[in-house]
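Common to both upcoming complexes is chain A, partnered first by chain B, then by chain C.
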Partner chain A sequence: MDRKHKVSNQQIKGLVVSMMVGIGILSLPSVIANIMANDGWIGILLGGILNIPFIIIINKIFQLYPDKDFFEIGRDVLSPVIFNIFLVGFLMYVILLASYVTRNLVEVMRIFLLDTTPSEIIAITFILATSYIARSEIDIIGRAGYHIYPIIIGFAIFIIIVSIPNADFTNLLPVFQSNIRLVPKGIRVSFFSYIGFEILLLTIPYAEKKEKTLKYSLMALAIVTLIYILIFVMALSQYGIHQLQRQNWPTLALIKEIDLPGYFIENLDGVVMAFWVLVIFGTMGPAYYSAGKILSELFNTKTHELFIIPLLPIIYIVSLIPQNLVQINDQMVSIVNYFAFFSIMIMSTLIYIVGYIKKRRENE
Partner chain B sequence: MKKKTLLLIMVTSIIFLTGCWDMVEINQRIFPYSIGVDINEGGDEGKYLVTISYPNVNAIGKNPSQEEQVYIISTTATSIFEGSRHLATRVQYPFYFKHLRVLVLGEELAKDEVLVRQVMDGLNRDFAINKKVQVAVAEGKAKDLIETKTERQEVIEGTIFSLLINDKASARFTSQTLTDFIKSTDANGVALVPKAISKKDEIKISGGALFKKYKFIGYIGELENRAISMVKEKVNRELVETEHNGVTLSYSITDLKSNKKLITTEEGMKIRISIETEGALQEYILEDRPTINNDEILNSMERAVEKQLKKELEKTIEVLQQKYNADALGIAEYLSKFHPRVWREVEKDWDTIFPDIDFEVSVDVKMRRRGLVR
Partner chain C sequence: MQTILLKDLEKNITTLKTLLKDCDDIVYRNIEIGDVYRVKLCFVFVDGLIDKTFISEYAIQSLISEEEIKNFTLQGFKTSLIDIIAKESLATAEIKEEFHMEKIINFLLSGDTILLIDGVDKGIIIGSRGWPGRGIGEPTTETVVRGPRDGFTETLKFNTTLVRRRIKDTRLKLKIRQIGKRSKTDVAIMYIEDIVDKNLLQEVNSRIDEIDIDAIMDSSILENLIEDNYLSPFPQIENTERPDAVAASLYEGRVAILVDNSPFALIVPATIGTLMQSSEDYYSRWTESTVIRILRLLALGLSLLAPALYVAITAFHPGLLPTKLAYYLAASRINVPFPAVVEAFLMEITIELIRESGTRISGPVGTTIGIVGGLIIGQAAVEAGIVSPLMIIIVAATSISAFAIPSYELSAGFRICRFIFIVLAAIFGLYGIMLGVIILGTHLIKLDSFGIPYTSPYAGLGIKEGELKDTLIKAPVQEFEFRPVFTHPRNKRRMRRR
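Take a look at the complex of A and B:
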């Protein structure tokens, strides 16, 4: 394994946060409000808690085999054939994720910022811009995540602060009134809004202090959970439950509700969109990079740079497949989610269990 | 040499890569600030009569090159946006609705639930429109209201808008934005929108128009609007006048708290509305000697104001219950938030239950200050 690239734990935290927060933050409040009404925050919280075991498992894998990277562990533990099948699933997942992110960016851009610019132009320029960072090695990706992290925190804090003056917190009431049978459905939605921590699989082997990565990755999850809950609470107290359920992108539409005295702080959608593009960049970059890395592993090449440009048309074409927003939000999301579950949750759990058993046999 | 060529290519490419894909100069856009929607009687060209007013940029500033400050233009259309497309063929530049400030609904149009719902949906859906658009109902036609040329015209934001946001000094009307309108209807099924009246060269905002499920059902007066604002805690400053010892007493409210409480009795629901106000004596009568120098007189003044307010509140509640059957006080919202179980039982027949609810009003007036003199 190549050891010259190093990632610090702070960078891992930033990277995980910037990868998790992306598209989900825009639509999650209304999606969850449509299922669990006023109690959506419970779903968000439970979804976050349910992700903890998987983060622990990913960290444990690398404690079992401290000197190897993810691909070496996978090939050793599962046989190369099985592992390659999982890798193909993983590859499909990251490509789908990248396309989903691109397509969402295009839709949101056309709504809020560039209403007459062709979708194709926005998509291609965005993928091209991210391809630059995707060509870099993991230390650069880590640093990028580390720098996007404060922007995400700033983005969230900004939205929360500007919407406080108009917020009516009684809109949060009544609590604990939703049907208990809807909770699993709510959790299913919120659970997948946290995907993105799979970048840990590629990052932890290069961490400077491995014993502390678990702490930092859980911290990242806690931060994201907190951001999601706060944004949900603000959106709900701003809109009331019915108007929130109507919104497509409540988080961005919140900006349209701002009306602070002194008109200079009005119609801020352009500014916020600019920040949000950076947030999306933080999701897209690592996903694109992972796709390149996996391909380079499958074809056994020295660097992954080769595959970045060939991936561009694939991501572009996949991103243009859905015909409308409903298809993106229903079908594309659930396909991405299935692949995510298969490649992240099942694969890492399997590697951990098999690896654990193998390790114990060796010791005996 | 190689580096220099590269640098030259990079520098020149900046000129061509400025990112102005859909550039529109700011002076080549029209920024409408109010839009009026009426029902189109007679014509077959559409259900709506859309009136748009926009400032003439050339007439603003130190040395205006043109006289006419506000342009008004109207057309018949099948929807607001179709109307703006129609109009776009008659003006030089495209409309840009991001700075739209006021939506005026004509009285006749407001009576048609479907049309109002369509207008609201169009505005709520459109991405350019700021959701803080003020909504008003014109007594008569919206077109006449917008076409009214007032003497003191506000060119930058439009006269109607300036009047509408000026509700801080009085509770005689309550300004309502598009989001407020929708939120209020979601929560209570009722929304209260300011009523605008146009006279020869004057526009007046007074009282409100009640909408029930997006259908206009009737006007309420200024005092009724004040009573509703009090219950909803939307009063910033207000002056109450009452008789006291044969003299008119003016009391200015500076602070107001309102509370609703549900009391379930055997006969049915009872809502207790308690209002506490703090304020100062504004005007009484100049006596030869100091008169307002003991607790008794202050107390009796407070009682007089309380009586007056209580009378107003009870009258308003009766009007809302019996005449309009419209829950403008936010009782439904209160129940659904604080008593969800009760609300679930009554939700379906709220329309039949609301007129029979027993209200108990209590007002507590505090006169903290008495001005500069005794």
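Take a look at the complex of A and C:
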């Protein structure tokens, strides 16, 4: 495997955060509020906690085989045929994720910034702009993640701070009132708002200090959990549960509410939306890159660059399949989630268990 | 073709004359020394490249009046004649012996004097370089309020001396090599041996080794030849006219490349952080430098985005502005017959023309251009109703901001991007600007300067808390206990605090 490219642990942290935070930051508060009402934050917290084992498993895989990259490990452990089936699933997942992200961006842009521009144009320009970074190697992806990371943190802090003046924290009450049977359903939604850490599979082999990667990837998960909970709390305290449940993008609505006197810019939502494009880019870039990498593995080519342009029309077409917002947020999300579960959770757990048993046998 | 000198002086001179045919600036000065046994000598030099008084007084004079040579008669002594001349007779500082004709010609054309002796198959090279050069003056592009005022000139030797004076350390190394098959330009690579990263030095050397070109006119040509991505609009190598900036960079573990005939030294690696610094930052108080650095970053953003934002807001999102401002904007544009993008392009091109003509023509005509451009075009354009007054303000602010960036090349790179941003804003509004930011950001992230990420130390590879002390803020000198990490210095400690 090519050792030329290096990724530092700080970059991994930034990359995981920028990959995880994307669509979720806009829609999660209302989605979870619809299921768990005032106790949505419990669902978000539990969803985050449930992701810890998978992050640990991914890290453990690379501790078992420290000198190999993900594809080599997978082929050795699961035999090429089975691993290729999983890889196809993984490929479908990243393509779907990229399309889902693109389509969401298109919808948000059409509502907030460009109401007359056709969806097709917005989609194709965004995919084209992202294809530039998708052509580069993992060290560049790491750097990009690290640069987007402060933007995301700033974005979150900004939203939280500007919504404090209008917040009414009594809206948070009552807590612990929701039906306990709704918790699994809530977790199912919030659990998948953390997907994005699968980029670790492609990143860890190139980490500078592998022994510390686990710490940094868990830190990233903690940061994202904190951001999600805080934004949920702010949205809830702003609107109260009934109004929150009816919002599509409560986070954006939060920004729309702000009207501090003496502002140079009156409607902050347009500006914040523009920055949100960068947040989405942080999810889209690594996903697009992963798709290229997997294809290059499946077809056994030296570089993944030549698959980036052929992927463009695929992502474009898939992103335009859903007819409306409901289809995007219900059907498309659940398809993405199924593929995510199959390709990330099941595949990495399987690789770890089989790899662990094989290693033990070798040692005996 | 390697011609070796012969013992016969006449033949050597004939070879020289055939090789240097039709070069009328070559002077051959024949003398004869000795009393009983006469020996013929010949001085060869290029008129104008050498210090003539020096050669006449300390070489020719001392040879003619030399007692030992006059008394020298024995035939057998002839073999060591060159030693006697070189060691005892010539009162000059620099002397070399050479027997390859090509190398001799090389020295000759560099400004050394060649002494050929009859019966000896070697030539003596007397260091006599001395030509009219510009004196050391204040650098014109990087002036400072506080700090040293000497700047590089066109002569390599002066320039290396200016750096050497600031680093009196045996570990300061200076390697001179010649680049250019015809121009044979001297290029000096300077570094401090125990600080510089070996890989960086190796990379610099190997890139220079690969160059195969006939002439190097200026360090900028060398810069283009060795940089990582020559298609990029951004410079990946820093250049400076200031010896103190070069010395400071060497102490940071970087490598400086000085080129003869160029007052600009190259420093590698360069990052966007180092290009945004000015030497003055280190000479003024830390509070002021910090504020100025933040201001510079703001200037960078303005120079890149201001006209594009104007276009995007007027054409797509007037709702973003406060109501009063939106009304004012609409009122000021009511007589303007063009869409905002045409207005922006018109004014940007005008200001670029004023800038360009002002740079080429200095003195009284330049001032006229400034007045004509600034006053008449601006004022008249508004009164004629071709552009709105707000546009004039934005264009003016943009070009002032562009000049606030210390590195001219970096600022020029962003200036080119500004036009692309205007086009993107005209098509997609704010979303277009963000697309531009994504593409430009990707490009900057992808850039490397000699293996160092261009966006260091913000790139996050080996980032340490101490790194940020010299980026957007500039901490007091007491805080700089360690050298910056992005250059991978081998010797890390800079100072110890009491």
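We take it that the second predicted complex is superposed on the first by the 361 of 364 C-alpha atoms of A that agree within 3 Å, B and C clash if a C-alpha of one lies under 4 Å from a C-alpha of the other, contacts with A are read in each partner's own complex, and residues count from 1 in each chain.
In this section, a contact is a pair of C-beta atoms (placed from the backbone, for glycine too) under 8 Å apart; a residue touches a chain by one contact, two chains touch by 3 or more.
These numbers were taken from a predicted model, which means no experiment stands behind them.
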Query raised in the report: Between chain B (first) and chain C (second), which, if any, makes contact with A:Glu257: first, second, both or neither?
Result: first
Contacts of A:Ile49 with chain B and chain C, given as first, second, both or neither
neither
Now for A:Ile157: first (chain B), second (chain C), both, or neither, which partner does it touch?
neither
Check: So, A:Thr117: does it touch chain B (first), chain C (second), both, or neither?
Finding: both
*First (chain B), second (chain C), both or neither touched by A:Val271*: second
_According to the stated criteria, A:Ile357 is in contact with first (chain B), second (chain C), both, or neither; which is it?_
neither
After the superposition on A, what does A:Val88 contact: first (chain B), second (chain C), both or neither?
neither
* Looking at the overlay, what does A:Ile346 touch: chain B (first), chain C (second), both, or neither? -> neither
Winner on chain A touched-residue count between chain B and chain C: chain C
Both partners, chain B and chain C, contact chain A at residues 114, 117, 266-267
Per the touch rule above, chain C residues touching chain A in the complex are 316-317, 319-323, 325, 428-431, 433-435, 437-439, 441-443, 445-446, 453, 455, 458-463
The answer for chain A against chain C in the complex is residues 6-8, 10-11, 14, 109, 113-114, 117, 122, 125-126, 129-130, 132-133, 136, 139-140, 142-144, 146-147, 263-267, 270-271, 273-275, 277-278, 281
The residues of chain B that touch chain A in their complex are 21-22, 98-99, 124, 127, 130-132, 177, 179, 182-183, 186-187, 336-338, 340
Within their complex, chain A touches chain B through residues 111-112, 114-117, 121, 170-171, 173-174, 177, 239-243, 246, 253, 256-257, 259, 266-267
